[in-house]
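Two complexes come next, and they have one chain in common, chain A, joined by chain B in the first and chain C in the second.
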Partner chain A sequence: MAAPPRHSSMMSTSNAGTLQSSTTDRQQAPQQLPTPQPTQGLRVPSNRKTIYDRHLNRSRNAESSRASFAYLFGEMVTYAQRRVTGIQDLEKRLNEQGYPLGLRLLDLLFYRSTSTSSSALSSSSTSSSPPNRPLRIITLLHLIHGPLWRLLFQRSADALEHSVSPDTPNEYMITDNDPLVNTYISVPREMNMLNCAAFVAGIIEGVCDGCGFEAKVSAHNQPTEMWPSRTVFLVRFGDSVMEREKVLERNGVK
Partner chain B sequence: MSYYFTILSPTDTPIFNIAFGTSKGGGDGIARFRFPDTAQYMNQFIIHSSLDIVEEAQWTNGGMYLKHIDTYPPAAAYISAFLTPSGARFLLLHQPPQLPSGSSSGLGSSSLLGSSASTTRASSSSVAANPTSPQTEEAVRQFMNEVYESYVKTSMSPFYKQGMEIKSPVFRTKVTGAGKKWL
Partner chain C sequence: MNTSIHHDQVGCRTAKDINKLPTALTRKEQADFEHFPATSTSTSISSEKSTPACCILCSASTLSIGHAVSTPDTPDSVAMAVFSLIIINKAGGLIYQREFQAGLRKLSTNDYLVLAGTFHGVHAITRSITPKLPLAPTTNSPAAASPGSNTPVASGYSYPIPGASVSGLEYLETDKFRLTCFQTLTGTKFLLFTDPMTGNVDTIINKIYELYADYVMKNPFYQLEMPVRCEAFDRHLGAWLRGRT
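Let's look at the complex of A and B:
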């Protein structure tokens, strides 16, 4: 490995020195590359591998480092915190950062479970048959609680509940006792309402919306003695979803 | 067979279109629609009109591949649909080749409605060109799955937002390749 010594030597030089060395690196680079094929201005990486040539399952069991994730997430929170008007605004921005991720994860999740027959999405489905798109609320929530959580955090969520209040039949709760995103986030006392898992709430919202279940998802602190950072994700489905749910129930759609 | 394939975003924006012909049985992969002068817009029209049926079928069938869902007899157009979990629709219009017996006497678009219903029935008797046979369904399913893989790769790109047009020439080659392989 040549990288570490070079890195340390760069550390010893001044800032300007590193800048120069990196620019000279860049100047040398095109000479080493093979001449790119003339495809209408399309720039292909030097190894000729576009994203379409890479296998989606290759990183299936690969985990990213927790330290780098914590660092990146910290930066995301800082970024979202710029020029916000309040805690709600900050949570909204975190939510918006997670939303597109949810849409993508959904496709990836289904792709991975169709291409490999071994670990099917739901435990009940037989191998090799592709998983079904969730049509009912319960199947969707199980998808989030199980496969999605496992994809993100390597474990299932801790609880899945339906609101007991008759006024709010459209509310469901997913509980995570110790959310990974909050592990290295310390919230100042005056902002104790803030829960940075709003990012994860955004992911859930993306998944619900992607499946055609219009929903609002928010993250709430509900600490207990044992789990000080316990977080409840409140999923509130829209009226259209509840209406459709009734029709589907009547038709016996599972 | 001639094919017209389109991808619609969850908000019904067309994000990818391609027309191609069969490569099986000595086909050269060039689309030859029955009414070439109107095909360009009629195909889009027919495909989009099947969206209502897709949206109906979407909540009764949980599978991603919804199989053959719609037929437009005047143009002998068969439409198969595939739904991605995130709400994008893949629609494939396929049109079996016109049999030589089925009057090549210059079908104008005016006489479009009358004579082609009979050719539909005639062509469905031959298995190779039968768009509703299990073999065709299977081939279309394989094609859809292969496109789905490329679509997931596109959507995983950090520079791609859902609903954006897919312009990548690599994606186009991938779809063409899948069409060559299966259809």
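Let's look at the complex of A and C:
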């Protein structure tokens, strides 16, 4: 909280978001409003407890409805579709929508996995100490494949593979047989290269970057008879990451 | 067109004598309908769920929809058969048409569009000709004495089933098929052609509506009121109907 003029501009978020700030803040706030409504902007329940007041672990098992997510995601796709030049542009926009989410989710993921049990995060650290952030690529990918996927979709991803080609040792693939985001989406035939799970690819990219692994992630359709919306997320790590990986391997860091 | 309309209290299922209705079509009209089944079947339309209802009884040529199975009378194999599905948007345009059985008589795309538009009009007509029973203050007939909550008393009439809103055509039955029309609150109409023996048509239609709400309306690439081209909808619809039979 800074000087009063700036404070008034932050009114809508500060009032609802940080109710635990000093009481003087709260008393000043309504006076600066033109209308005497303390709950303008975000709606605050009568007991003044918002989602921000809850303990972060309180909502760990809370789920949002699949339908409301489907409508929200549908609108996000529609929004991203405005003024795009092509399918790649659209996928890039979806990716950019997911990227900040991945960066922020990472902290929540670490917080929740440290506060419960160390086994939740399949880190290479000894079982007694709290898990570290992943240092090696495999650890990171297991973090994405398991805990991150469970946090987002309530289940693990279906496969994790390393590229067999010797030319591309930096490529890894995470497979999801039935991505939640694509449940209700049918892509028209003229855009059949498009995969709206590019949004999830953006989340993965954000998580990788947040852990200090520079990577590019893209989503690709690989339909099978049984899983018509099977999606492969191709994770391509940057050269610096691969160099560091070699050094860490030599030094025996796990 | 030789159409006779009876506003009486006859239940639709029991009106078997209507089979003998004369069907005197001119030659031109016969040519118009030559791709429709020529058998004279009784067609009954009920605009309310149960009797007493408004029964419009007309000859088959007037309203038959051309979806009779060409192979007649195979009751064992078609016991649960769903023949085809048509979805009409609120403006009367055809937005979805799919057949689930082989051996149905094909119509051209244009004919399907005409069919959808015609049905839309017929549905509107059946809605508006639902009889209005005058409210006589002195009589004590049950329909007049118990006006529905939504019936304006000032205008002085009541519908056959007080309290129920006027729905228009709900089903149409011949001895070859049964057409069930389900209109959503938003005005979209689902027409389901089934075998007359199929039971639980309401369940089927409700499930189709659910699939439509899920896989069509939640699809960001679907434009409202436009033809439905959603691969996930096709897939789930086919899988669900196959699972039932």
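Side notes on the structure shown:
As a working rule, the second predicted complex is superposed on the first by the 193 of 254 C-alpha atoms of A that agree within 3 Å, B and C clash if a C-alpha of one lies under 4 Å from a C-alpha of the other, contacts with A are read in each partner's own complex, and residues count from 1 in each chain.
Rule of thumb we're sticking to: a contact is a pair of C-beta atoms (placed from the backbone, for glycine too) under 8 Å apart; a residue touches a chain by one contact, two chains touch by 3 or more.
Just so it is clear, the model here is predicted, and its values are computed rather than measured.
Using the contact criterion defined above for the overlaid structures, shared-chain residue A:M242 touches neither chain B nor chain C, since it reaches no partner. Within the superposed three-chain model, A:A159 lies out of touch with both chain B and chain C [touch as defined at top]. When the two complexes are overlaid on their common chain A, residue A:V84 makes contact with neither chain B nor chain C. In the overlay built on the shared chain, the residue A:L72 is in contact with neither chain B nor chain C.
By the touch criterion defined above, A:V187 reaches chain C but does not reach chain B. After superposition on the shared chain, chain A has more residues touched by B, the comparison being chain B against chain C.
Contacts of chain A with chain B, set against its contacts with chain C after fitting on chain A, share not one residue. Note for the complex: chain A touches chain C at residues 67, 70-71, 73-75, 77-78, 81, 184-189, 191, 196, 228-229. Residues of chain A touching chain B in their complex: 39-40, 42, 50-52, 54, 56, 100, 103-104, 106-111, 114-115, 130, 132-135, 210-212, 244, 248, 251, 253-254.
The touching residues of chain C, counted against chain A in their complex, run 214-215, 218-222, 229-233, 235.
Contacts from chain B toward chain A in the complex involve residues 10, 58-60, 62-65, 83-87, 145, 148-157, 161-162, 168-171, 174.
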